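Read through the structures below before going on.
Here come two complexes built around chain A, the first alongside chain B, the second alongside chain C.
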Partner chain A sequence: MATAFNALFEILSFTSIMVLVVLGLGIIASMMGIFNFAHGEFVLLGAYFTWLGHAYGLPVWLAMAFAPVAVGVIGLALERLVIRRFYDRPVMAMLGTYALAVVIRETVRGLIGGLYLNVPAPLVGSVTVDGMEFAQWRLAIIAITLLVIFGSWALLAMTSFGLRVRASLENPALARASGISTKAIYAITFTFGAALAGLAGALVVPIFSLFADLGLRFLIQGFLGVMLGGAGSFVGPILGAGVVGSASAALPWVISPVVADVAVFVAAIGLMKLLPNGMLAGRRV
Partner chain B sequence: MLNGGSTSHGDTMTAPGTKPAPLAGSASTAPALRRRLPLVEWAVFGAFAVLPFLLADFLTVFASRLMILALLAISFDLVYGFAGIMSFGQALFFGAAGYSVALLARDLGVSSVLVVLPAALGVGLVLSWLVSSFLLLGRHPPSVTFVALGTLTAAFAAEELARSWYYLGGQNGIPGVPQLTLGHFEFSDLAFYYLVFALFAAVYLLCRALVRSQFGLALAGIRDQEQRLGFFGYRIDTFKTIIFTIAGAIAGLAGGLYAYHEGFVWPSMMGVVLSTQIVLYCLFGGVGTLIGAVLGVIAIESATYALSEQLPTIWPVVLGIILLVVILFRPTGLIGLVVSERERTGDFGRPGPGAPRGTSSDAA
Partner chain C sequence: MRDETIEASTIGQVGRRQLLRSTAWMSAAVATGAGSWVIPGRTAYAAEPIRVGIATDLTGAIGFAGNSDLNVAKMCADIINKSGGLLGRPVQLYVEDTASNEAVAVGNVRKLIQRDHVDVVLGGITSSMRNAIKGSIVSRGRTLYIYPQLYEGQECEEYIYCTGPTPAQQCDDLIPWLIAHGGKRFAFPSANYIWPHLLNAYARKSVEKHGGEVIFEEYYPLDQIDYGATVNRIMSDKVDVVFNTVIPPGVGPFFKQLYEAGFLKRGGRLCCVYYDENDLNINASHEIEGLASCLDYFRAVDALDPASARIQQMYDGMFAGNKYLMAAGSAATGMYRGMMLWAAAVKEAGRLDRDAVAHALDHAKIAEGPGGPAEMVPGKRHCRMRMYIATAKNGQFQIEAKSSGLVDPQEC
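Right, the complex of A and B next:
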């Protein structure tokens, strides 16, 4: 019983990380219609800045707070310089963002070498409930993810800024005609998405440690999540990430990890084949 | 039934005057349009034919590596440059075929060229047929993103599997692939070089004929105006599956040769990094011309060969920046420097009755 709860907890915390990664990816995919291959590298950058801040003597939690800001700034710069040229050219966008990803990943690899660098978690120890131990940091990740989801949802659904974002998503031409600067909205959204990836990277670095290929597996799982949930809605990618994340965290308890990974990938692609518009097709949320 | 569909469409497309017959017509317009593409092709193949006599031995080995990678790049150019299918997993077929021939050599002791090459070709063919019929065929036409993601995931998963599968040697791959043989004859350096050269030339010529055939023209139509071709009644998915399968077979052949060239196979041979490296070759050299992909391989691999030792950490970053700059500012690649836009995208020296072609900016 206790192991079952512990397993459930592990699965939940990993799924939260996936949701954080996918939230940014999904927002960018829905808004601009491009799949950002550099998203995994934004996660990597978040982890890198956290490590850097920590190495320069900042407290870990401060380094973690600083990482999303730094990644957001980089995201903004890249959007202005590069990404904006790729709107409504999805194939070129994939290749272009992939090239960006290579540049970022190899730069980080050059900076840290082929090492695995560790950053301590800001919260060490665990909470014991009824004889079961829950690592505090994983609890914190789950809590932060819930907060971020709620915050993003509130921003999109309840503020006038969110209204403008949704308008630019639904019908960019009409939004522009109504005096909304879609250019600015796109830039802000991309920055926000990048910052979310940076946050995810900052939060996971105590668990996964920092290495140059950190981003790639998040990227593929994130894509599968977005495609499965369906780009173009807020809930879809989260739901997709929940499915992919929990499946790839749960299956290794049953079968060997590698087979589990491959099984999740195949199942996700197969599901996508059946539901090409995502699990929420037709029900726009 | 599939083939029946495509040939009948091919026939209906042969409108009067579109046939290669009016060669006389093309000759009359020829002075206005000097074709440079064949010159580039002759230069590349001529150079490869005489290289072993000009270069030191180790550079000959390097040149045979170039030709093998060029085969791989051609296979990507067929799917992306001519049919607009974004395959981020071309290395999957390459690596799987490499592993197959390495297993043939290790477990069955077979290294005869008569078995190895058909086996490599076959593995690539079957695997790419399976992948493409899953990704491309079906009730809903697949989106570009879905195909890109599907191929990417397939390559990633295959690499993971190979990495952890003891039978396949895990991280280390399979070492000790012997030399190719034919009876008692062993293909050592020079013989191997000319074997690769012969295959490279043969495949290139076949592909060249293929993309200039009615089938190739239909593919180019699909790349440029998929919806319109669909309205004309072409079975777009079938066409795409056929070209993807052919390209997969070529990638498989290249993978089999590569295993024998390197003497071992390892997991990254079928992974994401190599797959995207191929994309870089083609974009850098120029997509949609076949020879552009070859030029891309030569340029990038030579530069890597020359520079990667001096700049081991910077070089991958530089490659990424090159790719980005090419995508942003020079979508036609290297070949666009020597060959005019019209010839590059165009009718391959067969100006049809409907003279100017539409733009193909998005696919190129």
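Right, the complex of A and C next:
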């Protein structure tokens, strides 16, 4: 029984991390049609700024709050300088963002000397329930993930800004004709997606430590989540990430981890064959 | 379409002359090859320098280790040149970046052999790198190759000399110490590649010989970063000693999860034989308190061995403000032994002919090095060296035990 609870907690905690990382990726893919290969590096930048802030003496939680802002600003600059040129060329966009990813990753590698650096969590220690230990920071991540999902959903589904974002996605020409500045909407959406990545990086860095390939680790599974859930809606990628995250955390409990790693991909590809339009085919938001 | 016309017209504005000027450096870089350079000896000699090839990972995932190795090679070249060089000639380093990427490395290493005609090549950190470049150096290149990193053993090819610790050197003293200072129930969580497989095979025999038992031995994908299932098994199976060969990036989160589950609080002992001063930063110090490692050198050895302290001081002086440490897990100490054993062999041979130097290197000795003296085991092309067991205390390694003499590599 204790083992089952432990397993459940570990799976839930890793799934939240996966969802948190995929959120920004999914929003940019769904709302803008851009597959952002630099998303992992935005996560890395969030982690890097958290470490940097902490190294300069800020309290960790303050550094964590500052990181998404900094990454958002960088995202905005990149959107204005680079990304906007790719809106009508999705394949070029993949290559372009991949190139950005390499530049960012190798720059950070240079800045941290290729080392692994530890960042303390704002909440240290565990909560003991009935003899079982639950790490406080992992509990906090689960809670923050739920809050962020709800906040993002409310923003996109319940505000007039969200309506304009969706209008720009569905029919850019008509949106422009109705007086919506799609240029501004795209810039804001990309900034928002980048800031979410930065937040994800800031929150997970105490668990995984800071290293240059941090973002790369999540990118492939993240894309798998987006494909599985289906780009084009807000909830789809989150569901997809939830499935991929929980499967990759749960399988090692029952089968050999090396096999589990492959099995997740095989299962996801199988699911995509059955549900080619994503798990939420046809439904929006 | 619109964007393409803009691009075309921008090129027009740049102008041919400016284009030529701005790309001139590029053709120069292509001609010499980016990432390769020559470090001349500091003293002036009339004679033609002896060429030492250094092929190591200066960029990419393990760039931090490769840069330490290069620093140590520079320091050794400096020591050799200041004491009059070899055979009356200075030593000059020819450096190529293996870039943590075997495909890139092979081409770059060929440059050392075919273009620079080096007399010896030192370098390579991972086993996959050694396997990728050794053919170009030893068979086709007819050059000596010295491999400096701790590794799984079994590299017995002629003209390849290994100066890092082997499984026997890392386990023979350590396993009995772990049983005495941890307990009898071992777990072997491991990254799924050759080094953990072969090291575990050796360690398992040693554990069983000394009355311990291996509760489980399990392999994970190299990039796995969530170890909930493993940690749970370690806790519920009442494991005393975690003999870890999971590597970064997984090792940090793994140790953290173990700590959070209360493994250390319960009196469990962590062990990781590649852990050196660089790796202590991966986790907060309280998460790995008491972690045991067994290597040929730790910074704390300086208090026991004056020669080690002198070498460390020289390194810190030459590379002040540099973030690359002379750490044993980075192959830096193996690099020192490799350079100095080779220099001793060249002196004895009196010439640079491959077979003559190989013959002398077969029994070469150095009286001083980081960690102590070292000597090649005749006919085995591996190195006897002193080994130390250290534990992490408050973010620093503290020496727990020192081998009684030079430990035999038991290879080949």
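Following the convention adopted for this analysis, the second predicted complex is superposed on the first by the 284 of 285 C-alpha atoms of A that agree within 3 Å, B and C clash if a C-alpha of one lies under 4 Å from a C-alpha of the other, contacts with A are read in each partner's own complex, and residues count from 1 in each chain.
We adopt the following convention: a contact is a pair of C-beta atoms (placed from the backbone, for glycine too) under 8 Å apart; a residue touches a chain by one contact, two chains touch by 3 or more.
For clarity, every value in this text was computed on a predicted model and none was experimentally measured.
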| item | value |
| --- | --- |
| Contacts of A:Val82 with chain B and chain C, given as first, second, both or neither | first |
| Partner chain in contact with A:Phe208 - chain B first, chain C second, else both or neither | second |
| Which of chain B and chain C A:Trp253 touches, first, second, both or neither | second |
| First (chain B), second (chain C), both or neither touched by A:Asp261 | both |
| Partner chain in contact with A:Asn118 - chain B first, chain C second, else both or neither | second |
| Partner chain in contact with A:Met94 - chain B first, chain C second, else both or neither | first |
| Which superposed partner A:Thr107 touches (first chain B, second chain C, both, neither) | first |
| Contacts of A:Ile269 with chain B and chain C, given as first, second, both or neither | first |
| Overlap of chain C and chain B interfaces on chain A (superposed complexes) | 85, 106, 109, 256, 258, 261 |
| Complex contacts: residues of chain B adjacent to chain A | 84, 86, 134-135, 138, 140, 142-146, 148-150, 152-154, 156-157, 160-161, 163-164, 272, 276, 279, 283, 313-314, 316-317, 319-321, 323-324, 327-328, 331, 362-363 |
| Complex interface listing, chain A residues touching chain C | 3, 6-7, 9-11, 13-14, 85, 106, 109, 113-118, 120, 126, 133, 135, 138, 207-209, 211-214, 217, 248-249, 252-253, 256-258, 261 |
| Chain C - residues contacting chain A, complex | 3, 59-64, 67, 192, 218-221, 223-226, 228-232, 236, 248-249, 252-253, 256-257, 260-262, 278-279, 281-284, 323-324 |
| Residue ranges of chain A in contact with chain B within the complex | 35, 82, 85, 89-92, 94-96, 98-103, 106-107, 109-110, 216, 220, 223-224, 227, 256, 258, 261-262, 265-266, 268-269, 272-273, 276 |
